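Next come two complexes, and both contain subunit A; in the first it sits with subunit B, in the second with subunit C.
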Partner chain A sequence: MSHFICLLKHELRVLFIAPSTYVTSVIFLLLMGFIYILILADFTLHPHNNLPTEYFFQLYWIPVFFIVPLLTMKSIAEERRIGTLETLMTTPVTVLEIVFSKFFAAYLFYCLLWMLTLTFPLLVTLTIGSSAMTVKLLDPATLLGGYTFIAISGLLFISIGIFSSSLTRSQLVAGMLCFSILFIIILGVPALRTQSIGWLEWMVGALEYFNNFNHLEDFSRGVIDTRHIVFYFSYSTLVLGISVLITESKV
Partner chain B sequence: MAVVEDFKYVNWIKRINQLVQILLCISFIIGLNYFAKNLYWRSDLTRDHIYSLSPESLAYIRQIEKPIKIIVTLSPDAIEGEMEQVFKHVRNLLKEYEYAGHIGGKKKIEIEVVDVLKERKRADYLARTYGIDQEDVVLVVCEDRQHRLIYSDIIEMENGQVSAFKGERAFTSALIDVSNTEQQKIYFISGYGEMHLDSVDPLRGLSNVAEKLKWGNISLETLNITIASEIPEDADLLILASPQGPYRPQDVEKLRNYLTDRAGKLIVLIEPAIEHGLSDLFYEWGIISDDMVVLDMGKDFQAASGDLLIRRFAGHPITAILRNNPIPVIAGLSRPVRPNLERPTDDRLIITPLISSSPESWAERSYHDSQDLKYNPEVDLKGQVSLAAISERKVSSSLGIDVKGGRLIVFGNTDIISNHRIGSIGNIMLILNTINWCLDREQLLAIQPRPVEKFHLLLSRQELTQLSLVLLSLPGAVAICGIMIYYIRKN
Partner chain C sequence: MLKQEHSIEVNNLTKYYGPVMAIHKVSFNVGKGEIVGFLGPNGAGKSTTMRILSGLITAKSGSAKICGIPIASSPDEIKKHIGYMAENNPLPEDMRVVEYLYYRGWLKEIPRNQLKARVEETLDLCDLNRTARRKVIANLSKGYRQRVGIADAILSEPEVIIMDEPTIGLDPHQVLMIRDLIKNLRGKMTVIISSHILSEVELYCDRVIIINQGHIVACGTSESLCKEFIKKTTYTLNLKGNTSDLDSLLKGVDPELEISSSLPDINKDYYDLELTTPNTYDLCEKILTRLYEHPKFRVREIRRKVPHLEDIFLAATRRSWNEDIPLPITKIDSRKKNNQKTVVVE
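Presenting the complex of A and B:
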């Protein structure tokens, strides 16, 4: 455990002193701020049935596509490319500790970035100062549900990034692979479900179950369902487990 | 050489070992998810638990003994805008029903959403098994009993907009309905050439309305009143559609006894120019139907075919949806049916005109003479003319509580219920709402519809620009941090 903590601290330190991390953060916050303003602008044009926060979380996939590959593509692929993974393995740390430290470092940073977006509704309500708007924009149920979804789904997305990084020595290939898998999981599954699926009729239930937007729907309304939590926890554990096995076999 | 082969062998074993580990992990995860899918917990974090079922619904669900299946054939891709919202509402509400239906490790309520446009095999199966031949239907099935719900059962509309969701009331009513082994029964009276339940004739047949009533888990039967000694005990409602001759007094007496002594419910549809023999009964219930024909010259009240377009509705639960949207009812020749003002006042009778023609219309007494069709103030009735009326009798109990004491609804038109008219949305809503109101369906539940809340931001362009600049401060602060760290590391 002490090895894991030590490795995690190291990974976090590396993340926080790397300029690329700040570039990624600025791009992420600019993009999310732009999306938030667009949503608010749309709400000024015509009334909506849902709260702005719900629409904000429904677009979670846009930053996921670039932020997750950027955070994870380097993790194992770079260590293998420059040969430090083998050196690390000569110390009394296990592959499990290495993979999990890299995973948790990226995951904590991912959550931190998303937590920064919580300041958007806070800044808006502080600037405008309308009590009616405060109630709607800072609705605790939708915020808590939405950020819970981000935190839970982030487990799977980051583990996919680590998995991609464990497969190759090239950062670029790892990043592209991660993007492709995320694209298939987030947009491909619902697209497959909504397109003509005559020959896929037998797996409609499975497609529904793997549809991330179905999981999001409950969370963004402020409804917590243990099925979604089990789904993300279990599949992220599976992907991380496979990553450990792959990393172990390639050292 | 043997050493190399040993290494190869060990590598193979290692790889197989890893593969087995992965396969075991996958099967464990699938098993775990299957277990979690069937044994789960939900929590509504909203302040007023707006996404949770009411205690009344939960109490009913706990009493369910036989498993119930709810099949939704709403097509999610074919709908957009308001209807997409309705679909989401239905789906989310049904998740709560499914969760509430997990009692003692058993699944009492099973939900299935079928995209009938794409899942063809499943759609064919549903068509064969339950006779579903359309999308946008919610079917509640328990054993051989089924109850169908359509959009108008789930939402309340006002001026073409969804104003409230009443899905919970509709679903809970349907659950109670199908789980109850005793069906409500409607008798269609015959004996005087009335329209027939099984007839597919476009003008005189009622097969279409009969099919829709069966979807609502209502039992239908024909009753020849000239043969029956009295109205059967199990009659929850009588429908008398278009008699072609006057009722004999002894048959009228049977109806009177049913209405008065047994607090029965009777819907009568009569057409102009045909003597029906029910005037005395109507008089007792405070209704009069003059021997006239309603003529409407209002531009918006005449269909291209010359039929009457009824657009004026009373503020009654039966016609509320038609009035709020507004949806017209198409009718052919009609006679006036109105409250009888000459009758002595009876506080126990509540008489309401239900639908009426336009202010430019009148009821023509000398309709036999087609050359003289103009309004005569001395003998004709000036528009707007009531075309249907409801008479409801309240009976006071010894405790001073008003108890329902019978209902009579008279329509001055018969073809609104016929096969060729019932396809019109206004007509089917009017007829089904009237029948549901008579049978007290849904009225028993005190579950209130959930109003649709709309959120509109009132921000000027200047305020939006100001907000954009405020939100820019966050990435700006992060960028400054990054630059500082870069320079610290560099130095």
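Presenting the complex of A and C:
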């Protein structure tokens, strides 16, 4: 455990001193801010049944596609390329501790970035000051559900990034691989679901289960169902377990 | 309990990378506190052996022990007893030297109350405290990077230190410093060093192990290997005169003494000659006395060539090539029918 904490501190330090982390953060916040403004602008023009925050969380996949590869592509691939993974493994540290420290460092940073988006509704309510607006923008159930979904689904997305990074020595290949896998599991599965009337009918149940948007539905209404939590925990544990085996075998 | 005599015990270690043989039945022991040079041409299997010893990769067969602990069954345990400096010395670019050593100290489980003292001592030992203590590793010169790598290897005062090419790319001052540093470890820690700089290895190693084509071809002290591999004594002679009569003259000194080469000097009247004999006793004085008896020869220089590790290395590796090592490199490819053997040569 002491090794894990030491490695985690080191990984967080590496993340916080890297200029690329700040570039990623700025791009993320600009993009999410822009999306939030567009949603609010649309709400001022057209009537909607749902809250703006629900729409905001439904677009979670847009930043995930670029932020997860950027945060994770360097983690194992770069260490293996320059050889520091080898020297790390000559100390009494296990591969499990190495992979999990990299995973948690990226995951904590991912959660921190998303937490910063909480400032958007806060800034709007502070600026406008209307109580009706405050109720709609700062609806606790939607916010809690939405951020819980981000935190829980983040486990899977970051673990996929770590998995991609463990497969190769090239950061670029790791990033592209991560993007492709995320694209398949976030947008590919629902797309396949729409095509699954004919020959893919036997897969409907599985596709429904793996569809991230189905899991988001409950969360965005403020319902925190343990089934979704178990799904994301087990899925990410499996992916991280495979990453550990790959890292161990490829030293 | 039996007294632990060997820090490193390697017995019939074999490793294949797919069908390619890296090492075959490698066996050697390294005593406690000994400094051993591990030599071999490129691709001989040095790094593979060192990686197995450090628990990074596993061998196909054979056994290896560090401080009596089997590497195969306790790879995590042996990591507490070794300090490893990898080939090319990989270091994290964005850390400061002192931060890196503290980080490695934590990982190597140095007790918290001793860590500061250990880091300071190591910085002093490697001469990093004055100049490079707070420098970012990416901005360090090659020599300083090597020092950081060595500092990391000795930081936790491990019983066994494994260094893959520690003096590569260093200037003479730094080589001298590293040489003294390694010499200081004699008796305290067991050190195994792979290097291509044979003169260096000769200076600070108690013993050398020479590996070629995945086999140990020589193992022992420079003197014992010299006796085993260098069967001739060579003399260099620089003289003026007609060298055609010289052969018969030298036969009078030693019937087996032969002129192996004769080349004119830059100064045309003189010749550079190389004389060889299978006899080991010193003939310099006898040759000189004999030549003085004949005024037509004017001797300017005579010297008995002392064989260096380089000569032993060349002789040992050449012999292993000439002997055509019994192809342990043969591996039966089970996918092929008719019991055909696939011979794979590294």
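Quick notes on this one:
By definition in this document, the second predicted complex is superposed on the first by the 249 of 251 C-alpha atoms of A that agree within 3 Å, B and C clash if a C-alpha of one lies under 4 Å from a C-alpha of the other, contacts with A are read in each partner's own complex, and residues count from 1 in each chain.
As a convention for this text, a contact is a pair of C-beta atoms (placed from the backbone, for glycine too) under 8 Å apart; a residue touches a chain by one contact, two chains touch by 3 or more.
The structure presented is a predicted model; accordingly, all values stated were derived computationally and were not measured.
Of the two partner chains, subunit C is the only one that A:93 touches; subunit B does not reach it.
Judged by the touch definition given at the top, the superposed model places A:17 against both subunit B and subunit C. Of the two partner chains placed by superposition, only subunit C is touched by A:84; subunit B is not. Using the contact criterion defined above for the overlaid structures, shared-chain residue A:118 touches neither subunit B nor subunit C, since it reaches no partner. In the superposed pair of complexes, A:206 makes contact with neither subunit B nor subunit C.
Touched residues of subunit A, counted separately for subunit B and subunit C, are more numerous for B. Using the contact criterion defined above for the overlaid structures, shared-chain residue A:251 touches subunit C, although it does not reach subunit B. Of the two partner chains placed around the shared chain by superposition, subunit B is the only one that A:194 touches, whereas subunit C remains out of contact.
Residue overlap on subunit A between its contacts with subunit B in one complex and with subunit C in the other: 17. Touching subunit A in their complex are the following residues of subunit C: 54-57, 76, 79-80, 82, 84, 86, 88, 90-94, 103-104, 106-109, 152. Across the complex, subunit A meets subunit B through its residues 16-17, 19, 21-23, 25-26, 29-30, 33, 36-37, 40-41, 43-44, 46-52, 116, 119-120, 123-124, 127-128, 133, 136, 140-141, 144-145, 194, 196-198, 201, 204, 209, 217-218, 221-227, 230-231, 234-235, 237-238, 241-242, 245, 249.
Touching subunit C in their complex are the following residues of subunit A: 2-3, 6-7, 10, 14, 17-18, 82-84, 86-94, 251. Every residue of subunit B that touches subunit A in the complex is listed here, in rising order: 14-15, 18, 21-22, 25-26, 29, 32-33, 36-37, 40-47, 51, 76-77, 85, 88, 92, 95, 118-122, 452-459, 463-464, 466-468, 470-475, 478-479, 481-483, 485-486, 489.
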